[in-house]
Amino acid sequence: MMIVIMDAQATMKEKSAVIARAESLGFKIHLSDGKERTIIGIIGDKRDLDKEQIERMPGVERVVPVLKPFKVASREFKPEDTAFSIGEHTVGGKDLIIMAGPCSVESRSQIIETAHAVKEAGAHVLRGGAFKPRSSPYAFQGMGEEGLKYLAEAREETGLPIITEVMEPALVPLVCDYADILQIGARNMQNYALLHAVGKSQHPVLLKRGMSSFIEEWLMCAEYILSHGNTRVMLCERGIRTFEKYTRNTFDINAIAVAKHMSHLPVIADPSHATGKWEYVAPAAKAAVAAGADGIIVEVHPRPDEALSDGLQSLKPEKFAKLVEDLKRIATAVDRHVPE
Amino acid sequence: MMIVIMDAQATMKEKSAVIARAESLGFKIHLSDGKERTIIGIIGDKRDLDKEQIERMPGVERVVPVLKPFKVASREFKPEDTAFSIGEHTVGGKDLIIMAGPCSVESRSQIIETAHAVKEAGAHVLRGGAFKPRSSPYAFQGMGEEGLKYLAEAREETGLPIITEVMEPALVPLVCDYADILQIGARNMQNYALLHAVGKSQHPVLLKRGMSSFIEEWLMCAEYILSHGNTRVMLCERGIRTFEKYTRNTFDINAIAVAKHMSHLPVIADPSHATGKWEYVAPAAKAAVAAGADGIIVEVHPRPDEALSDGLQSLKPEKFAKLVEDLKRIATAVDRHVPE
Amino acid sequence: MMIVIMDAQATMKEKSAVIARAESLGFKIHLSDGKERTIIGIIGDKRDLDKEQIERMPGVERVVPVLKPFKVASREFKPEDTAFSIGEHTVGGKDLIIMAGPCSVESRSQIIETAHAVKEAGAHVLRGGAFKPRSSPYAFQGMGEEGLKYLAEAREETGLPIITEVMEPALVPLVCDYADILQIGARNMQNYALLHAVGKSQHPVLLKRGMSSFIEEWLMCAEYILSHGNTRVMLCERGIRTFEKYTRNTFDINAIAVAKHMSHLPVIADPSHATGKWEYVAPAAKAAVAAGADGIIVEVHPRPDEALSDGLQSLKPEKFAKLVEDLKRIATAVDRHVPE
Amino acid sequence: MMIVIMDAQATMKEKSAVIARAESLGFKIHLSDGKERTIIGIIGDKRDLDKEQIERMPGVERVVPVLKPFKVASREFKPEDTAFSIGEHTVGGKDLIIMAGPCSVESRSQIIETAHAVKEAGAHVLRGGAFKPRSSPYAFQGMGEEGLKYLAEAREETGLPIITEVMEPALVPLVCDYADILQIGARNMQNYALLHAVGKSQHPVLLKRGMSSFIEEWLMCAEYILSHGNTRVMLCERGIRTFEKYTRNTFDINAIAVAKHMSHLPVIADPSHATGKWEYVAPAAKAAVAAGADGIIVEVHPRPDEALSDGLQSLKPEKFAKLVEDLKRIATAVDRHVPE
């Protein structure tokens, strides 16, 4: 269903061509022929008519789609919240889920030490990168499978389910062998081959928003995963790139409420990337919970100044423990609950 | 104090010229002559050496200022929070100040009805525009002085102090005759003649951040006002313009904590403009308080669908009353307090 | 004329209310009642129906305006290009107009020396700031009226008409006494009191685009000036603020062709601010002419490294002379002409 | 080599720790102990010291890297322009290379018809997508290998080398079997696994800038490819995402001159994506050549209104032929040459 606004100078022939095209595709037409403009309504429930196919016809000024381009991800398709289990807890319901851990797995002892620390502080999921997207080819790229093994050991020791990033389709089976949740990073949000691969895997997925993605594009990427019948998708707002440069990214706090309004999927916030500086992680995390996030994912490192990546935005375990306490108070104030 | 990074190809003569220039201005030099680059430190406490005067000298690659360009507005200048009275309450302390009212004053009865409604719901200050900046010259431009008179009447009836926008230097005395707080709108943040005028007025000022202003520029504009000895300045984050177009603006929630970190001035959040849609005003307001805002300013209209401006982002009084209750809970969770 | 898209859940009562509202304002209705959505076309030629007044009614999902909000500035209103005299030349026709001079007037000798230099190199108009908008209250703010006098002297000596910025309504009469063209700076694009004042002055105006203004907003600001019957308005693209930080601004080269497509007004490009670094001024200026600009305004300073403002982006006279030669070649390649 | 600016409150112990860390990594130290700030210069030629490792140490305010993070891609590494053969022509030298063709290969006859048309009009390379990144999983995703075969047929018939996009590492060998140049799309600019794969392939690569990538990040992605010894890399500016929404993207014309200044690699402009509307493709293409681009890549479709993707921004062959004539004139005006 879309609305076609014709040019002021559009000819009868051009108008007829648009109508003929739409009718030939099985749509109904609703014509409004005004003094200043002719408006053509194209009516039908097929979502796959490409707006552009009409927009580029001669005499067309612009086309306004009436329906959202995503379907399975939308509230209209599924009005009630999606909730599913992550370890012993449920994401997308009343509980607030806290994921924490280092940016990168750097050694067996580092990840196991951190896992114990975040568990004790109250985290429900352990994060840690084994494959790292780095802007420089000369920077540390992660420990790879060895890192996955250490994560699995940390899970065994603490009982925390693990989330880790997967960066290429060929590695999805390997990462699925170890991880409880697959993370798609912001740079790969529109890596469609990867989205298909994680969709097929049927593993729970945390889909980070691309750093300059419209909310609608983000939901369309969720749709890629959902289209394979993999319904356990979490959206993750992690800050967008704007003109402001004091913080690493601009935390789009509005996006949390908007995503929950447009979609039934759980929304997680990443205050570490959204700010890029540890001093601002706590206020951002509290804001996210107040705005309705279903969980947060935070970088925690026992010795941030020795971290091999992103230490600048990592909390020390004691600051993280304090943050969890603060989040419990905020959660209560918005009728949510941080499970023990 | 600044650091000059010379080009790899800079000549001895070019380096000497930079040094001579800085020394002639009374600065000391600290030279670091490396294999790949020469670095010249320019040391001295005068903040008025223009970075660009050095940057444009031949052989200079770039100049890094070490100190912030603002002074009186900075935490370094005044480490403790600035707090001052607004009516019976204090902004910048433990109290959370709530300002509410319609976008525009539309009639005597409208503003008086709204004043009573927001007071009853718990607001501490009444907002209402008498002079309106509108993108179209053909749109309603506000009631002018008549609107100011109705605001003053509303204050008399309810006891609420009033805040209203002033848009040009010539009108500052008139607006001061009626208003308790002057508002500088986002479009006028860098209207320096206006900043000088409100600085001289010695009236409390709420300074909205420009829609694409760096946080540093915003503080520099506060500096314009403070430079006249007018210390009662509140900063107001009202959303920035980014690529995302689903919401009217992107609420830069990070800016609240950053501004409070860099400056001692109180920070107010405007969730109405920061989202542009009433459905998202409540989550944004709650997030702002969780992030550490000292107050919020919200648009409330008894019949938003009849408002002459910005009705789309206005709350009805009953929704506003609910929001105040919610904010009380969040305030408590961050050790703040909404005064009765 | 606008199109109203109702919510999927909108009730009959809500639909009727929208229709009744529009009809009560004298509009005709065109109803399209689909299975998934109801669409209401509101038809009539009054441009002053506020989109928001409808958008905020219950049950309305969104409103799509069919017509542009500006009128006198639009090509629909006046299909042929606007052209008018600037000194001995005409802007908006086949000629390419070149304006050049220092960011600020710094002394009598500096502006007169520069005026001779840019005239010799081929400039048609002399630029120079007497009142300077500066981000810091402690920076050089311009020479004021003294600067205007020196500009007038430079005009007398060289015959070049002068353009200079005016920053506040109260100073418009003074600046008109000296200047041939008034410049509205980017920070003041939406300073409506100032737009009204320059509109009333009937002086030619160069209106710089605000650094985060939509092209439509820029044209609406031109409309403010035009609404006073002052038709001699030039639009000036000077770069917008984006995430990219290597250049001072991002030169929106598309905006030149778009503004000329939407409006009949001449479009001038400012490659100095659009890049912020003198090395990139020449490629940007050439690109602007190739894209269809009617003129350029460039910063030239005899000794950029001694300039009191914006020296970093200023060309030396010999580089400017070379640029004028290059622009002549580009102008010929796009069937334009740089007058001698 | 980097400069460390310590906090005003940094302790002696914190300063010593930074110095000790840098010295332990084999760097030399240059200390500047001022009244307001201590500055520590870290000197040495290893580019792999992570700025963040220092930045996150206690007492550090910020770290300023002196050298660019990319090496092989930089002008410092290789001052002279990189030029290499594409079919019978050379990109990166005096010649201006024109690549043209449809967004997608849609059928054998469509691509062959277009190939003949663009060749006749003066193109040197045929473009056409066989694997298409689409925001919707329900949209046409390209013809896949069949499309590659038709492209190869078109090359055989016309002699034009072909460029086509590759979207996943696993498909690099297949695409190399058919294509002369591999294209990395904007969405995949930071798909590092893909960059490694095309680097290893030793095929010429056109690397599109990500839609919100800093110029430096773009060059770092080129560095990924170059690090495999694949030196035939072209950079492609295709517009960035900004607040302006009238055009599909904002064409960052400055980036052309900046990339050529920072790097020795050829820079190609894509005016089709940079504007998104065919009316603006010609001015953008002309601007790109005037600004110094080494070539352009343009979408051409025999019947844009029937195109399966991006028809809105496609030129008809006759408009493209006119554009080539116009570009020849601009090329001459900037001492370049469009080879026959």
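Should a chain be cited, it is by its letter among A, B, C and D, assigned in written order, with residues numbered from 1 in that chain.
Just so we're on the same page, a contact is a pair of C-beta atoms (placed from the backbone, for glycine too) under 8 Å apart; a residue touches a chain by one contact, two chains touch by 3 or more.
These numbers were taken from a predicted model, which means no experiment stands behind them.
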Identify the chains in contact with chain A as well as chain B, in label order. C, D
Superposing the C-alpha atoms of chain C on chain D takes a rotation of how many degrees, nearest 5? 180
Between A-D and B-D, more C-beta pairs in contact link A-D
Chain separated most widely from chain D, comparing mean CA positions: B
Between chain C and chain D, what is the separation of their C-alpha centroids in Å? 31
Mind checking the centre-to-centre distance between chain A and chain D? Centres are C-alpha means, answer in whole Å. 26
Quick check: how many Å separate the C-alpha centres of chain B and chain D? 39
Which chain C residues touch at least two other chains? 212, 241-243, 245
What part of chain C is in contact with chain A in the complex they form? 1, 3, 5, 8, 30, 32, 34-37, 39, 41, 43, 45, 64, 66-67, 76, 212, 241-243, 245
Touching residues on chain B, where the partner in the complex is chain C: 47-48, 50, 52-53, 55-58, 69-71, 133-140, 167-170, 187-188, 190-194, 211-212, 217, 220, 223-224, 227, 241, 278, 304-312, 314
Chain C residues within the chain D interface of the complex: 212, 214-216, 240, 242-247, 250-258, 261, 274-275, 279-280, 283-284, 286-292, 326, 329-330, 332-334
